[in-house]
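Here is the structure we will look at, set down as structure tokens.
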Amino acid sequence: MSKAVNIGVIGAGRIGKIHAENLAYLIPGAKLVAIADANLSPAIEAWAKGLGVKTVTKDPKVLFADKDIEAIIICSSTDTHADFVVQAAQAGKHIFCEKPVDTTVAKVRAALAAADKAKVKLQVGFNRRFDHNFRRVRELVLSGAVGDPQIIKITSRDPAPPPVSYVAVSGGIFLDMMIHDLDMARYQAGSEVVEVYAQGSVLVDEGIGKAGDVDTAIVTLKFKNGALAVIDNSRKAVYGYDQRLEVFGSKGSAAAENDTPSTVRLSTEAGVTGDKPLYFFLERYKEAFIAEMREFVAAVAEDKPVPVTGEDGLQDLLVALACKKSLVEGRAVKLSEIPLV
Amino acid sequence: MSKAVNIGVIGAGRIGKIHAENLAYLIPGAKLVAIADANLSPAIEAWAKGLGVKTVTKDPKVLFADKDIEAIIICSSTDTHADFVVQAAQAGKHIFCEKPVDTTVAKVRAALAAADKAKVKLQVGFNRRFDHNFRRVRELVLSGAVGDPQIIKITSRDPAPPPVSYVAVSGGIFLDMMIHDLDMARYQAGSEVVEVYAQGSVLVDEGIGKAGDVDTAIVTLKFKNGALAVIDNSRKAVYGYDQRLEVFGSKGSAAAENDTPSTVRLSTEAGVTGDKPLYFFLERYKEAFIAEMREFVAAVAEDKPVPVTGEDGLQDLLVALACKKSLVEGRAVKLSEIPLV
Amino acid sequence: MSKAVNIGVIGAGRIGKIHAENLAYLIPGAKLVAIADANLSPAIEAWAKGLGVKTVTKDPKVLFADKDIEAIIICSSTDTHADFVVQAAQAGKHIFCEKPVDTTVAKVRAALAAADKAKVKLQVGFNRRFDHNFRRVRELVLSGAVGDPQIIKITSRDPAPPPVSYVAVSGGIFLDMMIHDLDMARYQAGSEVVEVYAQGSVLVDEGIGKAGDVDTAIVTLKFKNGALAVIDNSRKAVYGYDQRLEVFGSKGSAAAENDTPSTVRLSTEAGVTGDKPLYFFLERYKEAFIAEMREFVAAVAEDKPVPVTGEDGLQDLLVALACKKSLVEGRAVKLSEIPLV
Amino acid sequence: MSKAVNIGVIGAGRIGKIHAENLAYLIPGAKLVAIADANLSPAIEAWAKGLGVKTVTKDPKVLFADKDIEAIIICSSTDTHADFVVQAAQAGKHIFCEKPVDTTVAKVRAALAAADKAKVKLQVGFNRRFDHNFRRVRELVLSGAVGDPQIIKITSRDPAPPPVSYVAVSGGIFLDMMIHDLDMARYQAGSEVVEVYAQGSVLVDEGIGKAGDVDTAIVTLKFKNGALAVIDNSRKAVYGYDQRLEVFGSKGSAAAENDTPSTVRLSTEAGVTGDKPLYFFLERYKEAFIAEMREFVAAVAEDKPVPVTGEDGLQDLLVALACKKSLVEGRAVKLSEIPLV
């Protein structure tokens, strides 16, 4: 293998830490050389040192200015993503940006334009595309074993709702939570959404309703190629993170069940009991986080296209905004109704 | 046990034969005494004789006039159902009527009114409520194990589409096929539908499209109690009859998988392969057909309420008509928009 | 179809009743015309009358003497089986005899000789060969999908032990319980046993130990074709009747899991729970009891070989006796060590 | 956390590399400082350098002499294990030794005595005890959920046989392959073996037979606490590494199925197909290799007992030797028959 790709990470929160540790230990072609965090603490400094990172700073500009750094991983708060994409692009760095790039179409388009102009790679953090189960479904679809996709079903439920305070600023269930599922539906369909219809209820936490959001939602999608999709979201599945997928087509169906900590089943007088699903995204998508970063690093090192593009991020946002509009207006909404500015 | 209930069956087609044989052999409290079929043939006569049936006739009036007959099973063609319900009711017979009672609201209401006036029992043939799997789900919901139902998901796909000629007169996918699933959703929700949204495509057979119907449909339902439901239908699942159900609630989820001919799995170099689902409704709902009849006979013998009422039949029809309207008009439709005449 | 086969049943205990009812209701080519039971009671008479049986008697000789009866089903107590086989054979009746024919080699051979001499069919009631799961495994083996059988594994556990009083006269776990599994192993191997080794413990009920038997046993078998088999038996599986089978061969493995009342899984904070296996043999082998009788009747009506022969019954007995000897002597026992008298 | 444990690895073959990489990257409390390999090559040197290892040598004595090294991981060829254990012990190093310690009782006992005398920790590499599935079964047994263990069943089949040349020097199927399963049975039983019976056949590769070994074996074990166990081994399961376990007891059964690359099932006209098991031990026990090393390092760092002792290694060897004797002599063999010298 050629020289390792030098990488800087912006944001050392939960997801930033995961990416940094994966880069430090588990991705041979990458070298983690810098970490920037606006809220730099002694704990973060110690952790970064433990990873063998040279530069630890509060100021992301230090990373943009560092000639040795070839790629930037943006894991800071959502409202900073688009600006950092622009700055990184202008500095000629390749970019991996956590989802969403932004919650407004205008800022996402500006970020994409900057990356485009600078001819740098921009990958968006839709990690579920790298999940072993969902990827296997996609392989089966691409192999032709399923035939033409006709119905895509996604079950996506979190084990517990976030704090109401978070819901209030998150952009709501469609932009914050379902956007992953909308991306998955597009990925599996291999086609673009033309129309959506969203139904929602407040069934988990009244506080979420007071914050102007729903906590339970079902969305149906219609794709350009005629395929239909349905996604159901709940902010609270008491049995854990429920992440299932089915693609049904003219030749059959490929369906992914949940992962579990073990395969063990206990049979007693009370019944036959198995494990609950892995608890949440850190457990379920542990390998997917590694895989997406490995592919990003490979794309940079070998100058290949990234597997999830900025355009994907934009399309997912448009669909999520259409869902939001559909819920508010109580009718089906065409994608073409969402303004591109 | 008290004296057996004397029963006459009208219509000796596929479903009439099943009910007649079940009554003759498998339901101890019933005595099959008469069969009427408009297209009486020597083959039907021989078959009826083999069952030990006394009266075999072309004319259903013979059954209505027979004082010994306490209950009538209506399995004739759909367009005759409502009239026979009225005539049976006027003759004071208890009635089991195959679904649907009729495809128009007015005739269904007339039939219900006649049964009501005559104070006879009227059960409608929504056999899936008696399926061991779906009934088990309902038991778990009623036990409180699932908590308040929030999301109901029904997968319902046929192994092969009916002839286009049938589709043309069937009332379409919602009245002919999905009505079973709409009834199931109401049964599991324990609440009434207030709004529906239907999406459909022609993906299986262009002839179905030319006949003015769709062959692939996804419907979302909103219930009075806030629960949401989603049903997906396809006229063609190449792997067989796909009949699955999940009720997700505040305390968990109860999910029913398909039944298979065996539990055997073959592991080879090619993978680990198990059986396809039971092929179609005759196989899958074999026991359910027996159970619904057993409960009807018990309701008559012990003067108990029937488990599926005429009112259920009416509500299911209203929801199906709302789906049809939603698909045509491309918008969510409230149940209250469907006229009761 | 030709004329029905007239059949008489001897013994109206639990298994006799099942066969009689199946013959009366579920096997078109059979006509149940007579029932004999040494302990005839008014309850049995009423039940037999309800089935439409003409002759109900205490004396099996009445059945042997009846010229209209073509076949006899022997369901009386084990110690009477062999004698009734001889008498039925001498009267020229075809015979279905519940397992075991006898617990001594001499009497079994005498019975077989009588049937042979009279040229009547003799089928032994190893019902499990007709189970949908185990039969499917056999089909896969015969199809070549599994390759040459190398290892056969049978799990066979009862939900609860019989009374100690029964154990004392049953011939012990190998002759009473495991004989079914020994027959299954022979059926799946398609070869004869040459050597056995039996291990046993008293882990369920000390009373069984005092009665001279074990309640937990593992037996390994070696077949003429080189295949190995292992069977584990327990008199008490608290979660229900555990009846599983695997045939492993040069090209793969075919494995049958338990049947369950439903496919429903409940997911809650406590885990993901499914049904226990069907409770006991009446539930699990309900369809197998019908199928074995259907095949017996067809063998008689169409003069075809029976699917389980008297020779099978003899071989199974020899293997069971070898197991017993192995347990007592603490060593492997060759089949050739078991005397044929 | 306290200071990292300095560790040297002897042997950089397949398993040595895995342990070294795990120590370098995935076990926070460990520091890999030295690697010795008798066949040191430039490739190994480059690889060791990449891991940041200070000392790379042909001579294990360099490691024993290094005062900074606290623990030694022995991954060299089996015939060197016992000697290196003695030397490491004499040098005061804690020891992790790959299985088996040796194939003779005398050398194993000498190694254990040396570790004992030097008061150093000695852990043997029975990695399967750390497998998430088998550990979960053990937890359920220890929790009391299964009751008293009565029957332990282990299925253990390799995807492909090793070269016949390897079989010839491996000690045979019991010492080389089944020893893992014998250890697992002892681990799950929580009791010691008192008697074994082994059956074997040559069904996979005649060359193995010519080398004096069998390739297919079934062993039954009797434990001091009355529990029975059965293990089946095959050198070739065409569908992949088959590693299953069941512990059946007075209150129920805990059973572990295979792990698979994904949970995806494909339903087509041909059937419903899922993934084969993970291919072989590197895939299946990837996490177990990490876990066993993590626990060894923690045992050293915190001066706790090791989870798999030298005594375990000795007992497993005794049981394997008893199996070998049983197969040769065609009879059950008591553990007490195996000489301790």
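Chains: A, B, C and D, in written order; residue numbering restarts at 1 for each.
Note that in this section a residue touches a chain if its C-beta (ideal position, glycine included) is under 8 Å from a C-beta of that chain, and two chains touch if they have at least 3 such contacts.
Source: prediction; values computed, not measured.
Enquirer: Hopping along touching chains only, can you work out the least number of steps from chain A to chain D?
Expert: Minimum number of steps from chain A to chain D: 1.
Enquirer: If you tally the C-beta contacts, which comes out ahead, B-C or C-D?
Expert: Between the chain pairs B-C and C-D, C-D carries more contacts.
Enquirer: In whole angstrom, what separates the CA-based centres of chain B and chain D?
Expert: The computed centroid separation for chain B versus chain D comes out at 58 Å.
Enquirer: I'd like to verify one number: the distance from the centre of chain C to the centre of chain D, where each centre is the average of its C-alpha atoms, in whole angstrom.
Expert: Roughly 42 Å, centre to centre.
Enquirer: So how far apart, in whole Å, are chain B and chain C when each is placed at the average of its C-alpha atoms?
Expert: Each chain's C-alpha centroid was found; their separation is 40 Å.
Enquirer: Among the residues of chain D, which are close enough to touch at least two other chains?
Expert: 237-239, 251-253, 267-269, 275
Enquirer: Of all residues in chain B, which touch chain C in the complex?
Expert: 25-26, 132-133, 136-137, 140, 145-146, 251-259, 261-269, 275
Enquirer: Any idea which chain C residues touch chain D in the complex?
Expert: Touching chain D from chain C are residues 147-148, 150-151, 153, 155, 157, 197, 199-204, 216-218, 220, 222, 226-228, 230, 232, 234, 236-239, 242, 248, 250-253, 330-332.
Enquirer: Which chain C residues qualify as touching chain A in the complex?
Expert: Per the touch definition, chain C meets chain A at residues 237-239, 267-276.
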